[in-house]
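In what follows, chain A forms one complex with chain B and a second complex with chain C.
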Partner chain A sequence: MPATRVSRWGMRYFAVALASFLLAQAWMAAGLTWPFRPLGASTTLVAVHLLTLGWLSTLMLGALHQFVPVITARPLGSERAAGWTLGLVAGGLLLMLAGFLACGAGAWPLALALPLGGLSVTAGAWLAAAQLGRTLASARPLPLPGRYVAAGLLFLALVPALGVALALAVAAPRWTGPAAAGFLFARGLPLHLLAGLGGWFTLTAMGVALKLLAMFMLAPEERGRRGELAFALTAGGLALAWLSGWGGGWAAAPEELGQAAAAAGAALYLADLARLYGQRRRKRLELNAAFAAWALAALGLEVLALVLARLAGSTAAWAPVLVQLVLFGWLSGLGLSQMIKIVPFLTWIERYGPLMGRTPVPRVQELVDEGRARPWFFVYFAAAATGVAAAAGLVATGGAAAPGVAGALLGGVWRAAALAQLLGAAGVGRELLRVRRMRPAVAATAPSTAAGRP
Partner chain B sequence: MREVAARTLRTLDVRSDLRAGREPLGRILEAVRQLGEGEGLRLLATFEPLPLYRVLESRGFAHRARRLEGGDWEVLFLPGLDRAEGGEAAGGRPAGEAEGEAWPEPVRFLDNRGLEPPEPMMRILETLEQMEPGQVLEAVNEREPQFLYPELQARGHAIRSERRPDGVYLRIRRGPAPEPAAEER
Partner chain C sequence: MRAMAEEAREEPAPAGEEELLPRLWEALHEVFDPELGYNVVDLGLVYGLEAEGGRVRVVMTMTTPGCPAGDMIEDGVRHRLLQVPGVVQVDVRVVWSPPWTPEMMSDDAKRYFGFA
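On to the complex of A and B.
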């Protein structure tokens, strides 16, 4: 009989993730990243990896260890592997951060901490991809959300391995040689970004969003032909773009075709999710669904901006803005909005499952105060939008490269937005902590009978 | 499904019961008991009475449902369904039935479709606690109640589940002895 228990590791993943998120935003507010330092500066890379590895990867891995069994109706092979993955990824991240700072200071051989940390992260990611992938493979044919996640896991296997190659080129250029290093930076770096932000994060987030929104809003999870097409275009397009991205010259045409297919797929997906919101049977939107819509809107904006930048031939110049929008609007926005639902949900199952039916238990909605959490989401999303707008202003005016008065002003707005974003995220984090700490008096709560549905 | 000729139909309208919140199952089963040889039942209800299909299939009735204007349902229960074909008409026997052991007919039904998780789980566990050991509960859920299964195991209940186009059908047999209330995992 398929059975899913609340994973022992889920909350630890979430705690590591949230701590990394807050730290990264504090780092940004302190002015240690682009636009105050170069994009490739070691301190910028510290923030980027705190966000991508510490926050988003850890959050998604934690969520997948819990929800792959739900998607597939099959248990995971091993609970201990989830612990190993967390240790390898978090430990590897710490090494990497030290390595970045050592590289920036020219402190050889400490810089080797960067590729070593990368190896640790790769081991953790491969362990997770194998463990989750095996569970998914045993449940074929997979439902649509499961296929998104499986495709995301394939990219997860690629990202850190390519990262280790880049780390070697950064930390030990004498070993890799100038030719290989040059090739890695020219071709490998954009593909590291594409596989990470597009493949691993976005595909996985698309699948998880589809599953969770359908589940909690009571909307049909089967998305028909259009849903299938959206998946095939997005995942196939990303894979084609990634593979042909290594080529150059003759491979430019398939690369562009892949990018166009992925953009069209994401647009179709968004249109289908708009339809899913319309099909929902729970009319009142809870926080998670309400703010997931903002994150989905950010994804739409990202796709539009990518297409426009590509048509204008200025993708490289706008890259920091595009990355900021996808990281904070779409991925982090979705992550925060889903955490406010799944943390209370898992906490509730864990705490009250054994008591259910035997003694009155509170409703899951009583574990979280939506009214108190909502303003923090507004602060977070408004600040993220402001930050992206300031970044766009900096690129448009050339302010990041040569700060004049306008540049200084925009830079100030950008930092203030980072600080406000940190506050918003911390506010949501405090609500989550409250959920974990809250112990409503069981007997004092109104009994919830089988007939007593809202 | 085998074609069943409708001979005589008796009509039972339980819509007022349902609107008043009264459980109509007793009346329906009583009406079925009173049907003569070859007679069928025409049931009028405010929703499609899915859990009833299984119960009446096991008594040899096939069903035809249609939605009436205004959203109510008319369901014809027609006799002559071979018992051996009952499972086939329903798309297979409940999981685990092949293992041989026959379970008693369900005494309680829950339609949990349209409820947000974890409410289906709560309703099932609360209803089970009100039942006698050995009694069977039938529930229809939108999806596999993943988080329910370990709880059922911990409490010593047995479960059979079957996925059908209109939902996941669960039959849960209450464990043999009431367990201590303060059990912790």
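On to the complex of A and C.
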């Protein structure tokens, strides 16, 4: 079996991702956007794409370049492609942000940076999907986490392409024409969100979480028929909902069926992950597994809220709350919690792996101070929950549409929560920076002690 | 399956096999899985250890086939054993059958992880 090696681009992906995350939250805390500002507002689009492209997509692409080889036990085809992907996505994001701001300022020639940036992001995403997809294809039949990731990559290929079409409709409406632009905004925008948040992010996160939690908690990765069914329902349901979403009236029934199947699949997945936590052999939860449970709880809340909103026929009204919960509770919560494990692990491999057996080296756990990092996670998750609760309060009281005293109060709570969330994430970021800079004193440590023989 | 890796040292073997094996096992206790933070012997990763005339053969596995630290653990085993006086050559063979499970850990390791 060929050796798998970590990508030397991993840390650069994570640095870009974390910087984007902090910037997006600073943007929110500064009052430049909030969930009830129209999605088309340029400042909202800046925050949304910093979060989805700069933070989540870059984080996931960086993680996949490390973990597709782990999932498949095969090396990636090209290190250079990983570098190109990062350059194309990060460069494209910068162009897009400039384009959004130019649109907001009415500087239309500069707004063409928006579709150009979108094309760059699309090229990066397709390159990553091709490279990672080829590695996955070479390892068929794929284990369950690999199938989640493969399905996520299919959606990754769709999301930016649709985004470019939307960008053209915004930046160059004469080229697209009013009818096509109207169709794109009415149908394409919700499906862009569904493919991004549901397909690319959530399916990929589900697969990576399954593999990492099973591996790190010493729990069985084989999930049996329940696990297979959860995947088939979630991925199949999302695909059905996305495809039939283009059809309009005649396709409403299959679209609803797809949404219901995806919700049922996600619920089954969560039940199975709860079982996996129960089956773990490593009884003391490390920080990543402990706070991954909080993120998974946020996914559970998201599924419940989606079903209730759908039954009440008020999905559109609650959409800002639902998006906030999935972005900050589930996806960002999971991403942040796994970084506190992945960054020390990659640092160990890079710095200490080649010294193993020659000289005493520290364990991965010795590179991170969990006691110091834990409070920042509490701050982050508590702030994210408060922000979601404040947004929900704004919808429930009508304060989002017509701000009164209650609305102003809840709006203030939302801003304060955004600031606290930024502090929590920055605190975790500082701990990650410490990991990178730490040089544990192991030279004087006896090898038997370093070998973890308590 | 990974090809057998070999390295040689010039020193002659001063010890008999009976004396060498306990020292080899002791040395392997100093190589660990970096993520689990426990030595490869008590984790049950070492399936076999033989010594003959200063030549050592190790058959071992990893906790998961795609483990990114796999190469480093394998190299760590080789380099640590080459430091044992009397060892002139180390062959490390990584196998995937039988697949490793946590039940292969020693009682000490099981207690450490909390499932003894």
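FYI, the second predicted complex is superposed on the first by the 441 of 454 C-alpha atoms of A that agree within 3 Å, B and C clash if a C-alpha of one lies under 4 Å from a C-alpha of the other, contacts with A are read in each partner's own complex, and residues count from 1 in each chain.
Following the convention adopted for this analysis, contacts are C-beta pairs under 8 Å (C-beta built on N, C-alpha and C of every residue); 3 or more make two chains touch, one makes a residue touch a chain.
Predicted, not measured: the structure shown is a model, and the values here were computed from it.
When the two structures are superposed on chain A, do chain B and chain C clash or fit side by side?
Aligned through their shared chain, the two binders clash on chain A.
Looking at A:Gly412 after the superposition, I want to know if it touches chain B, chain C, both of them or none. Which is it: first, second, both, neither?
neither
Contacts for A:Lys283 in the overlay, against chain B (first) and chain C (second): which applies, first, second, both or neither?
second
Is A:Phe216 in contact with chain B, with chain C, with both, or with neither (first, second, both, neither)?
A:Phe216 sits against chain B and chain C alike.
Can A:Gly247 be said to touch chain B (first), chain C (second), both, or neither?
Touch status of A:Gly247: no partner.
Tell me the contact category for A:Val6 with respect to chain B and chain C: first, second, both or neither.
both
By residue count, is chain A touched more by chain B or by chain C?
C
Looking at the overlay, does A:Pro178 come into contact with chain B only (first), chain C only (second), both, or neither?
In the superposed model, A:Pro178 contacts neither chain B nor chain C.
Which partner does A:Gln66 reach: the first (chain B), the second (chain C), both, or neither?
second
So, A:Val364: does it touch chain B (first), chain C (second), both, or neither?
both
Quick check for you: in the superposed arrangement, does A:Gly224 touch first (chain B), second (chain C), both or neither?
After superposition on chain A, A:Gly224 lies in contact with neither partner.
Would you indicate which of the stretches 26-34, 62-70, 80-88 or 116-124 belonging to chain B has clashing C-alpha atoms with chain C?
Of the stretches 26-34, 62-70, 80-88 or 116-124 of chain B, only 116-124 runs into chain C after superposition.
Where on chain A do chain B and chain C both make contact?
1, 3-6, 69-70, 73, 215-216, 218, 281-282, 345, 348-349, 353-354, 356-358, 361, 364, 448, 450, 453
Residues of chain A touching chain C in their complex?
1, 3-6, 66, 69-74, 215-216, 218, 281-284, 345, 348-349, 352-354, 356-358, 360-361, 363-365, 447-448, 450-454
So in the complex, which bits of chain B are touching chain A?
Counting only chain B, the residues touching chain A are 110, 114-119, 121-123, 125-129, 142-144, 146-147, 149-151, 153-154, 159, 161, 181, 183-185.
Would you mind writing out the residues of chain C in touch with chain A in their complex?
1-2, 29-32, 34-39, 42, 63-73, 75-81, 83, 94, 96, 102, 110, 112-115
List the residues on chain A that touch chain B in their complex, please.
Touching chain B: residues 1-6, 69-70, 73, 215-216, 218, 221, 281-282, 345, 348-349, 353-354, 356-359, 361, 364, 448-450, 453 of chain A.
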